[in-house]
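Dropping a structure here in C-alpha cells format, bear with me for questions.
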Amino acid sequence: MHDSGADPQLIRDLVDANRILADQGIVDAFGHVSARHDRRPDRFLLARNLAPGQVSAADIVEYLVDGAEPVRPDAPRGYLERHIHSEIYKARPDVMAVVHNHSHAVVPFSCTNVALQPIFHMAAFVGLGVPTWDIRDAQPGTDMLVRNAALGGHLAATLGRHPAVLMRGHGSTVVAENLPRAVGRAIYLDINARMQYQAIMLAGGDKPITFMDSAEVAANVSWQNYERSWSLWKAKVLAKLVSA
Amino acid sequence: MHDSGADPQLIRDLVDANRILADQGIVDAFGHVSARHDRRPDRFLLARNLAPGQVSAADIVEYLVDGAEPVRPDAPRGYLERHIHSEIYKARPDVMAVVHNHSHAVVPFSCTNVALQPIFHMAAFVGLGVPTWDIRDAQPGTDMLVRNAALGGHLAATLGRHPAVLMRGHGSTVVAENLPRAVGRAIYLDINARMQYQAIMLAGGDKPITFMDSAEVAANVSWQNYERSWSLWKAKVLAKLVSA
Amino acid sequence: MHDSGADPQLIRDLVDANRILADQGIVDAFGHVSARHDRRPDRFLLARNLAPGQVSAADIVEYLVDGAEPVRPDAPRGYLERHIHSEIYKARPDVMAVVHNHSHAVVPFSCTNVALQPIFHMAAFVGLGVPTWDIRDAQPGTDMLVRNAALGGHLAATLGRHPAVLMRGHGSTVVAENLPRAVGRAIYLDINARMQYQAIMLAGGDKPITFMDSAEVAANVSWQNYERSWSLWKAKVLAKLVSA
Amino acid sequence: MHDSGADPQLIRDLVDANRILADQGIVDAFGHVSARHDRRPDRFLLARNLAPGQVSAADIVEYLVDGAEPVRPDAPRGYLERHIHSEIYKARPDVMAVVHNHSHAVVPFSCTNVALQPIFHMAAFVGLGVPTWDIRDAQPGTDMLVRNAALGGHLAATLGRHPAVLMRGHGSTVVAENLPRAVGRAIYLDINARMQYQAIMLAGGDKPITFMDSAEVAANVSWQNYERSWSLWKAKVLAKLVSA
C-alpha cells in the first residue's frame, strides 16, 4: 500500500508501534500513530482505517503532508482525523512521529484545566509543557473530531513547540523526533496523569507536591528514548502473536 | 430455540453482543442484552437464563413484547428481569436493542444523585440525559430486581426518551436503534463514569469541569455507531475462542 | 487426606471454591475457605497449608471443630489461622462455610471505622451488619495472625450473628449457610467496598448516599445464593485448566 | 557470565526474583533486583542491562561491591543504576538482597511527603520506617538517575537501617536479609501504598486511621519471609512459560 521509497525498517517500526500501543492499552479501536517518511519529509505513513492492534505492513498508507491525501489514488479509506498528523508535520519540521490517543487518565485533566506536571522521571517530557486544546475555541458545535485541515492546524498551533497537547473531552496527541520516543511518551503521559491525580488527592489542597524542576527535566529529556522499554514492548507483542 | 423468522445475521449479532459485553467486563454472570425482532416488532430476542459470555445461537429465545412470555411453550427458563426489555420495547418503538448491566463505575452515581454528564466524546450520548430510577419509588421493600411488568413499566417511564437510565444500587439499562450502538453505549457509559469521577475529584468542588455542550452532543450522536469498535471487539472475542 | 465420610460432592465444591477465590483475585497465597462436614457437624474440611489456587481434592484435610486439630494424626501441615474457622463453627451452628481473605478494597474500611453499608444489590448481605474486629482488643502486640483458639473465639464473638467481620489491618472473614453463598459474599464484599468508597468520594461529605434499606436487604438475602455466578466462576477456572 | 563460586541455587533464585517482579507488575522494562554473593560478601549478582522479565541465568553478572564494576572484564553492559545496589551492600552488611523499582502507587507518596505507614499486616516492615530520598538534596539538576557511587552513597545514607527508601519522583529501593523477603517487601510496599491512599481518602482529614503499632510490627517482621507467596509466585511464572 506504500511506495517503495520508505525504509522497510521504518514500516516495521510503525507496525510495531501500532501493536505496542494497543497491547499497552493506550489505544483501542481508536487512536493512531504515524511516522514521517524518512526520505520525503513532505510525506508521512499512517495505517488505513483500522484498529491499531490489527495493523500489518500491508495496511500502511503513504500520505502527503499538504492536504493529508494519499499518494496513491487507489489507497484504501483512511482515518477521518489524519489531519491531526498532517498539520503537525507541516508546522513542526522536527517532528518525525505522532501518536493520537484517548488514554483514560488524561481526559479528566483535559476537562478541568489542572495542568499536567512532570511527577515521574519516566515522563520528564511533561515538564516541557503540555497545553490543552479545546476544539470549541476553533469551531463551536463540532462532533469533537479533527475532521479537516483547519481544525488540525488550530490544534497544531496550540501544540506549538511542546511535546504533547491535551484535547478537551477527547484525549491527547504526542509528538517526538522518532517512533520509540513518541510511543514511550504516549504511554508515560497516561502514567504521569494517574500518579499526579493520586498526588493531588494525597496533598489534599494544602500540602505541596514536588515535581521535577526544569533542570531535571532538561537533563532527562535529552536522552530518553525508551530503548529498553521498546524492546520489551515488542517482545510482549510478539509473545502474544506466537501463543495465538 | 427461536422462530426461523428472525434474520440469522441478527441472531449472530446478538450472540456477538453477549460475548463482547462479557469480554469487555460490562457483564459477568448477570446482565443481559436483547434485540427487537427484525420482522415482528412485537417480539424480541434474548438469551435463556445463562451468563452472557456463555451464550450461543441455540440459547436465543423469542419473546412477546406484551407480557415477556416466550413464543414457544417449551422455551427454556428465561431471565427473571426480562420485563426490563419488554416494557422498554413497548414504550419505545424506536428502540431496537437493550442492554442491562451492573458495570461498577456507574453504581456510585446511581446512589448519590450526582448526574452523569458527557465528559468523553465516545460517550456523547450521555448528554441526551441519563436519569436515575429508584425501584423504591415504584415499590418499597423489593429485592431490587425488576421481576414484573409493573416494575419494568415504571423503569421504562423513567427512561423516557433518554438513551440510558441508572438503576439505584443496581446498575443501568442502555438502549439504542441497533445492537452495536447499544453495546458501545453500555461500554462507554462506564468509561464516562470513571472519567467524570476523576474529574470531579480533580476539580475539588471549586474548579469548573468542561463537559460537552448540547451542540457537540447532537453532532456526535447523530452518527456514532461504534463501528470500528464493534469490529475490534468481535475480533478479540474470536481470538480467545480460537486460542481456547 | 480426608475421611471417606464426607460427601464427595462437598469435597469437589470445596476445591472449586478454593480455585474460584484465587481466580477472582480474592485470595492470593493467603486466605482460605472451609466447609463444615456434611455428616459430622463437629468436623470441618480445609486445605493443607497451600495457596488456594493450587488446592486439589487430595489436599483437603478433615479437622475437629473443637481445637482445630486434624482428625488423622498423619495429616499434613495446616494453616496457622485455622482457628478462625473452628471457633466460628463452634459459635455458629448455622454456618456451613467460612472464607477468610485479604481482599484489598476492604482493608481501608477496617482501619478507619467507616462502616460498610449495602450499596449494591449483589452485596445485600452487607446490610445484615459487618462489624470490625481489632485483634489489639483481644491481645496487644500480636503479629496480627489468629494463631490460637482464644483469638479465634474473640473474633467469633465480634462476628456474632453477622454474615461477615472485618479484621483491622488484615482483611475479613465471611460466613454462610453453604459454599456458593460464602464465596459469593467474599467476592461481592470487596466490590461493595470499592463502590462505597467511590460513592463516599462523590458525595463529598455533604451529599446523601442512598443505601439499600432493611426491607430491601431482607428481601434480597432470603434467596441470594449466587447460583448463576458460581456456574460461571467454575467455567472460568475450568477454561484456564484446559488451556494450560 | 558469573564466576562459578556462587551457589547455583542463588542464581536460580535471582532469576526467579527477576521474573516474579515482572509478572507481579512491580517492574517493567526498568527496575532490577540483586543478591549479595553467598561466599564473597564483597561481591553481588545482578542481571546485565535487560528487562527483568527477560532475564535468564546466563544474564547474571558478578559485580564488586566496591565501585560496582563487573568482576570479569568481558562482562556485558550493566544497568546504569547499579550503584544503588553496590552502595547499599557497602553500607549494610546485613543486606543480602536489593530491589529497585518504579511501582506506581508508591511514587505519589514520594512527592508529597505523606509518610508511608504500616496499614496491612503483609507489609508490617513499613513500620520499621520508610524515609524518602530526594536526589535534589544530593545534586541539583540531575536526570533523576543514580548514575554514580556518590549518588548511590547518598541514597544509602538516607536508607540508613530501614527496610526501604522512597526516591522522589522515581520509585523505591527495598532491602532484606534474603531474596524472597526483598521481593515480597517490594510487592507489598505497593499494596500498602494503595491501601493507605484509600484509607486517607476515606478518613477525609478528620477521622483517625489505625495503623499497626510498633509491637505488632516487631512481632510480624520477625518471621515474615513470604514463603507461601514465593512458592505461588514461582508457580505462576512457570505456568506462563509452559503455556507460551
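Think of it as A, B, C and D in the order they're written, each chain with its own count starting at 1.
Just so we're on the same page, contacts are C-beta pairs under 8 Å (C-beta built on N, C-alpha and C of every residue); 3 or more make two chains touch, one makes a residue touch a chain.
Computed from a predicted model, the values in this text were never measured in an experiment.
Chemist: In terms of CA centroid distance, which chain is the most far removed from subunit D?
Modeler: B
Chemist: Just how much do you need to spin subunit C so its Cα atoms sit on those of subunit D, in degrees to the nearest 5?
Modeler: For the C-alpha superposition of subunit C onto subunit D, the angle is 90 degrees.
Chemist: At the place where copies subunit B and subunit C touch, is the share of residue numbers found on both sides over half (same) or under half (different)?
Modeler: Different; most numbers are used by only one of subunit B and subunit C.
Chemist: In whole angstrom, how far does the Cα centroid of subunit B sit from the Cα centroid of subunit C?
Modeler: Between these chains, centre-to-centre, one finds 32 Å.
Chemist: On a C-alpha centroid basis, what's the spacing between subunit B and subunit D, in Å?
Modeler: For subunit B versus subunit D, the centre distance works out to 46 Å.
Chemist: Counting only residues that touch at least 2 other chains, which ones in subunit D make the list?
Modeler: Where subunit D meets two or more other chains at a single residue, that happens at 201, 243.
Chemist: Based on which chains are in contact, what kind of graph results: line, ring, star, complete or other?
Modeler: Chain contacts: single closed ring, each chain with exactly two partners.
Chemist: Within the complex, which stretch of subunit D touches subunit A?
Modeler: 28-30, 49-51, 53-54, 102, 104-105, 107-109, 111-114, 134, 136, 140-145, 168-170, 197, 200-201, 205, 243-244
Chemist: Which residues of subunit C touch subunit B once you look at their complex with the stated criterion?
Modeler: Subunit C reaches subunit B through residues 118-122, 124, 191, 194-196, 198-199, 201-204, 207-213, 215-216, 218-220, 222-224, 226, 228-229, 231-233, 235, 239, 242-243.
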